Amino acid sequence: MSFPLLTLTAAVPAAGAILTAAVPAARRTAAKWLALLVSLATLVLAAVVFVRFEPGGDRYQLTENHAWIKDFGVRYELGVDGIGVALIALTALLIPFIILAGWHDADPLETKSPRWRPTQGFFALILMVEAMVILSFEATDVFLFYVLFEAMLIPMYFLIGGFGDRAHSGSDENAAAQRSYAAVKFLLYNLVGGLIMLAAVIGLYVVAGNFSLTEIAAARADGSLDMATNTERLLFLGFFFAFAVKAPLWPLHTWLPNAMGEATAPVAVLITAVVDKVGTFAMLRFCLGLFPEASKWATPAIIVLALISIVYGALLAVGQRDIKRLVAYASISHFGFIILGIFAMTTQGQSGATLYMVNHGISTAALMLVAGFLISRRGSRLIADYGGVQKVAPVLAGTFLIGGLATLSLPGLAPFVSEFLVLVGTYARYPVAGIIATTGIVLAALYVLVLYQRTMTGPVKEEVRGLPDLRVRELAVVVPLIAVLIFLGVFPKPLTDIVNPAVQHTMSDVQQKDPQPTVPNVEAAQ
Amino acid sequence: MSTTAVHSLWTTAAVEPLNKIPAPHIEYTQLSPVLIVLTAAILSVLVEAFVPRKGRYVAQVFLSVLALAAAFAAVVGLAAGGYGSTKAQIAAMGAIAVDGPALFLQGTILLASIVSVFTFAERRLDPADHGHKVDSFAAEAAAVPGSEQEKAAVKAGFTTTEVFPLALFAIAGMLVFPAANDLLTLFVALEVFSLPLYLLCAVARRKRLMSQEAAVKYFLLGAFSSAFLLFGIALLYGYAGSVSYATIARVVDGAVVSVDPALAGTMGNDVLLLIGFAMVLAGLLFKVGAVPFHMWTPDVYQGAPTPVTGFMAAATKVAAFGALLRLLYVVLPGLTWDWRPVMWGVAIVTMLGGAIVAITQTDIKRLLAYSSIAHAGFLLAGVIAATPAGISSVLFYLGAYSFVTIGAFAVVTLVRDAGGEATHLSKWAGLGRRSPLVAAVFAVFLLAFAGIPLTSGFSGKFAVFKAAADGGAGALVVVGVLSSAIAAFFYIRVIVLMFFSEPKADGPTVAVPSALTTLTITAGVVVTLVLGLAPQYFLNLANQASVFVR
Amino acid sequence: MNPVNYLYLAALLFTIGAAGVLIRRNAIVVFMCVELMLNACNLAFVTFSRMHGNLDGQIIAFFTMVVAAAEVVVGLAIIVSVFRARHSASVDDASLMKL
Amino acid sequence: MENLIALLVGVPLLGAAILLCGGKRLDKSGHWLGTLLAAASFAIGLALFADMLGKSADDRAMHQRLYTWIPVENFQADIAFQLDQLSMTFVLLISGVGTLIHVYSIGYMEHDERRRRFFGYLNLFVAAMLLLVLADNYLLLYFGWEGVGLASYLLIGFWQHKPTAATAAKKAFLVNRVGDMGLSIAIMIMFTTFGTFAFGPVLASTGEASQGTLTAIGLMLLLAACGKSAQVPLQSWLGDAMEGPTPVSALIHAATMVTAGVYLIVRSADIFNAAPDAQLVVTVVGAVTLLFGAIVGCAKDDIKKALAGSTMSQIGYMILAAGLGPIGYVFAIMHLVTHGFFKAGLFLGAGSIMHGMNDEVDMRKYGGLRKYMPVTFVTFGLGYLAIIGFPGLSGFFSKDKIIEAAFAKGGTEGWILGSVTLLGAAITAYYMTRVMLMTFFGEKRWQDDENGNPPHPHESPRSMTIPMILLAVGSVAAGAYFEFAGFVEWLEPVTGFAHGHSPLSAAAVTTATVAVMVIGVGLAYLQYGRRPVPVVAPRGSLLTRAARRDLLQDDFNHAVFVTGGTHLTRSLVYVDHSLVDGVVNGTAAAVGGLSGRLRKLQNGYARTYAVSMFGGTAVLIAATLLMRAV
């Protein structure tokens, strides 16, 4: 067994979480720095994984495989393909910024009790989430994945419910009530999804006898394991439901706006940019990988839902009065694109979807974190409370605009690449769907620009006057993110190079070929 | 208690002189666990009788723990000696089976009992009264609540150390219950562990009226149910002409063909069999706390002294499920197609009923009671699997569950206000702020109850559901999943309460327990996490122990 | 006469006892009804024992009596203490805990 | 030489980066830097131009491939440039006029504390526009396409503190996005049809694609063109875009960006040639817009809005020409270039007038300015003559050709289009004369601005006048130059060229053109030269009022999209809250209620519990027996 690099990528943040939690109450700042360092160390490890991974090589690399629970046919089986690598990179990249952005979010307002250590808890939980998410991207054992998929709800739940956004309308009790409502809603939605998946997982065991993605795939390939059509479809639905809740896909989305609205901006980013990606990732790896036939069977329905998500999410984003809820609905729209790309069953679609996961993570982080900085200054989440910020805090406004432009996927910024790939990939197989999805780009422009206009432009509002511009810490958060956005916007090759082979494998899982151009073209080849 | 011996006596009496009665042959080693506990129980009665009041507490605790530990050692020894697998046999002339399930369950019961005894012996939680340390039990249970006599007893620093012998007797009964290999033994064991429990319920130090009420309800309903059990036994006896599992099984399988024409009305009459079986089942389901035989559970759990509640919730369930398994797998395998559908129904209503009613509970102990009902439902799903995997999964689940339960109730004993334990949920608001550690521990237990991965609750639930699905009860799995979704809601509600709501000004304080309770809780947490992270070893144990001797 | 009639009698007694448990309020009476049920069982045992021509049933009857006696001890203890505390032996009065 | 192409884009882009990230320390020098870099890019353009002229006509196209942008299987998007005669024409126009306008802005924006940023945006625009015309595949073109959209958004909304400006900027971007949809769909169709979207392969293999496909592509490209070039039905943003600083209007909304649509169509000539239906639609759109813009132009009192209407109409000419196919492409481009000169000149003139008049834009409050700002007067006048097509000036040549080509289309179409263009010419003459008269002639109608200080009309600083003069020269000479230096031959290798056979002789067309022009001027003189111009606009005829409101197009949009959209989103928000969410909450509530009811069974009476046990047992027995029975 080679050096357990993948385990390490998850073990480091996990250990870091425990250490952070153990820091005594008084040494709050120490805990913060510890958490930051740990996350950076994880980033380094992720970079190592990124480098060590050979795009041309086996499907799953850096594999680890140990016995875990023999009775359940469960193994501790890790391995990454290009998609996993990309998402691990995303996670490891975002967490440091999330920590940095949330630097003061968990400072206790007044010391409730000497043993009450919210700050330590906050950062420990974030690291714990990171560990679980990364491991879930690496798990090639369905059970192991399921365990993480469910377990990560708990820290997330405490992050949402325990550390709400201090900028809220109404009384503290009211806010606390809304917050725990959001947290419970988040947990129940995902728990129900997870439990239904549990039934499917058990069903899978009954059918397949083990949980190893590779083994099952192999068994299906050589025909030694063939599922009855209906069995496969039921199992697929069980899995897909859970992922669709997590993703989230219309009409299972309503937990997201509450959660993102009530949580602090960094946590909101953690939800939508990192944790939700597990859902879409799992669709790609498990739904398509385990149940190719059923996936194809369900595709039409899913594409319809995805389209609904795209348009519906965008329209609701336009209708929001709360900045963070607006971003949440925007995310719903974007997840629609991701799912659309996955189930378009074309190389462009799926590569695009994968890039989309990464890019959406970064762009949303940029937008949401800047919004968070703004909200923390003015102490309100309502769009109507802002106006003319651009005059008072030009840098803040500028970065906010760039984040917004990324969200509406302007060429030159990363999201454009992925969105266009998704659209092209979809159009190639489902022209109508492709065209409907294209309306999303207009609506995106609408909600982004409306948000920008209402908050940043126009005469300066009285309460906004005198807001400070971005501080050094905040710049340190935003500038790198924007840099990455631009880099990936003009030169996504490093990412596509590792993603494409993985997508090829997925495509062969579902035995799909790209539709060939109707006009065979010599020059197109080179 | 060899009925067959007596039988032979009766039939051969005509020709042979009476002094030829062969003495019953008892395998003392194989029965040692039970014998040890019984002996200890008798001794501790003597302690009550002769040791002066001051010394009793120490003596009793010491004696009980020692005995239980010794009994556990004996169980381990037997298991190691292969009595669980290869040398599994029926001891005491057909009365008691010594086999895998029996030993596994006895081991579980003993461990659970040890930690429970720790909570019994805890005397740090309440402030000393008149300079005397006090535990959870009344100074003088016989005294009328609030009477002069009681005050005097308190002043004199009396304590009900009788709980220890009572507990020991109960434990002894529980040890026999899952091992009983004939219906009579089953019945006797049932009573042996039930009667002391009735009493234990009645001796709470605070809220004595409720405690007594719990005792009355438990006693009357318990007696009622054991009457059913007994009548069922009678019918089965009428059906098979014997109460020994083996014989009944043989008759059921139709192995016995030579039916005396005089008995045509009864011998092998399936109506007797079915009715009898149903009534026995009813008796056992009562102990298990399955819907619709569950209604005593919330009241008794709430009224009884919390350590006793924990003990009951854990040990009784283990013993009862053990007996149920043996009955269904040893006596009535031939009847599977008759009892499975019935049990399906019971399992479903139990899972759903427990989960749904729990949602609106406002008292933590009642909440846990309903949760225990829901869990009984999950266990039944495993029982229904009717496969070795089913047996082992149930065994594993019982082990995992009992520790979580005891731990949870132990935590409940810590949260106190002026009126003793503050069991009303509203009192728990903001506990996480005031004492994060205790709240976190309790959260762990709740998550285990909810079956969140990485806790023992999940491993157990997964094992049971897996077995059920394997055994062709997929629908049960779906129902189980749904009800655990519902159940998740109220566990989470408690967590929300503890962590996300502001502490009340007059909120309860968290008592700092002595090493005893601390030990119990720590054990609970450790087992919960170990069984959640690396359950393989224990699953192996359960697997090896999953074969009944016939 | 046909021993089966004794079985019917036993069933009858058992049902009477059960009904008593369900309808009577006084804890003592309820308890007596339970005893009645137990004795119904005894009758059944003895009858079956007779029909099967073996003694097991009769032996069991003895066990049952002993158990019943034990139950009486415990039961009366509890009931009496409750009675002293509440000055009432009605099972319906003992309903502090509900819902 | 090829390797310089990237620099064309790179230099201004660098400038934008420096200026926007540079921070305060660049406030002093920023504008110089910006201008310098724009000029540098112009210089490079000239160098390449010289190089190109050196080569023989058919291998003048240069290519530069930087790297692969998005490689996914057979989806291969390159960052690669193609510089042929068509692109070169645009490069010179963009960087040339762009530079001039940089210079102009130095003076015009002197008192704006955010001047540095303004120049950053200008550079960004130049870079994006150059990228647009230099791209060698449609996706990269799309990149530039959206880039100019962004730049225009930033520049229109440059004075963000004005809500009107912010709204106008947003509107412009959104309407353009609708067009962009068209472009991206077009690209998708291309990819699925040809497996690529690079100009070379796509245009080469149009022959093999089906008629329907090509028409679809064509229409989608047209949609895009309508968005960028403010053609009906996506024209509504251009008028509002005048909220931006005047140089912006000159550069983006007169000379360069709005002509991108024309570029797109001409660039895709092969596709349109193969899809006559699409072509027809193009001409129709052109014709309609031509009149639409002209009519609007007649009614506006805001000098910039009047010019904006004129721009619309002029681009209508170009689109129409482009729709005519090989007989029109060249002239479309030619008119585009000349229009670039005179329209930019006119706008700069307007800017300089506003500069002198406390940023007053209402022509009714001008009058008799020729004495006070002679240079402006002259340059503006020359631009005026050029646009109305005064014989010998640049507008004359280009427009005349288009009208001729329109007739040459042949058949009824030809007659209709031809007469429309003629009519357009007349109206153009009318509204431009109107502008001229209201602004420079007649008695003063000046009024104090809101702060009560009266305007002191004065000539603008040299930094502003020089560009105006240069552009005036262009507007005078460009046409003749192209006519005789052989613009047709220059572009032919790219766009192809066919001589149309007009039913009318060239001379006849020319005479007609001049004639209608004279009529237009005459009418305007009668209306505005002879009698005094009322300071407050008269109510005017129905048409006038409609024209003032952009022929109610905006009202329509507002009624349908804005109001309708608002209602839609509102109702959806409601749906999301009460239906989608309501179902879930409802289920939860139902379970809770059930729980509450079941809970009542636990009534505390031991006897009830006994009943349930008894019943339970009964059920068990019954069930067990039943199982056996069935």
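The chains carry the letters A, B, C and D, assigned in the order they are written, with residues numbered from 1 in each.
We adopt the following convention: contacts are C-beta pairs under 8 Å (C-beta built on N, C-alpha and C of every residue); 3 or more make two chains touch, one makes a residue touch a chain.
All figures in this text were calculated on a predicted structure; none of them were measured in a lab.
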Report summary line: One chain's C-alpha mean falls closest to the whole-protein C-alpha mean, and that chain is A
Query - Centroid spacing, where centroids are CA-atom means, of chain B and chain C in whole angstrom - result: 24
Query raised in the report: Roughly how far is chain A from chain D, going centre to centre by Cα mean, in whole Å?
Result: 37
**Report entry** Centre-to-centre distance between chain B and chain A (centres being mean Cα positions), rounded to whole Å
**Finding:** 46
Report summary line: Cα centroid separation, chain C vs chain D, in Å, comes to 97
Query raised in the report: Residues of chain C touching 2+ other chains?
Result: 18, 21, 30, 91, 94-98
Requested in this report: Among the residues of chain B, pick out those that touch two or more other chains and give their numbers.
Outcome: 216-217, 220, 224, 298-299, 489
Report summary line: Residues of chain D that touch at least two other chains are 599, 602, 604, 606, 610
Report summary line: Every chain pair meeting the touch definition is listed as A-B, A-D, B-C, B-D, C-D
Query raised in the report: Okay, in this complex, where on chain D does chain C touch?
Result: 599-600, 602-607, 610-611, 614
Query raised in the report: Can you name the residues of chain A that touch chain D in the complex?
Result: 189, 250-251, 253-254, 312, 315-316, 318-320, 347-348, 351-352, 388, 390-391, 398, 405, 410-412, 416-417, 420-421, 423-424, 427-428, 431, 434-435, 438-439, 441-442, 445-446, 449-450, 453, 456-460, 490-493, 496-497, 500, 514-525
Report task. Within their complex, state which residues of chain B touch chain A. Result -> 433-437, 447, 452-454, 458-459, 462-463, 465-466, 469-470, 474, 477-478, 481-482, 484-485, 488-489, 492-493, 496, 499-503, 534-536, 539-540, 543
Report summary line: chain B residues touching chain C in their complex are 1, 3, 6-7, 9-11, 141-142, 144-145, 184, 187-188, 191, 195, 198-199, 202, 208-210, 212-217, 219-220, 223-224, 227, 230-231, 233-235, 237-238, 241-243, 260, 262-263, 265-267, 298-299, 302-303
Report summary line: chain B contacts chain D in the complex at 216-217, 220-221, 224-225, 228, 270-271, 274-275, 277-279, 281-282, 285-286, 291-293, 295-296, 298-299, 337-339, 341-342, 345-346, 353, 356-361, 486, 489
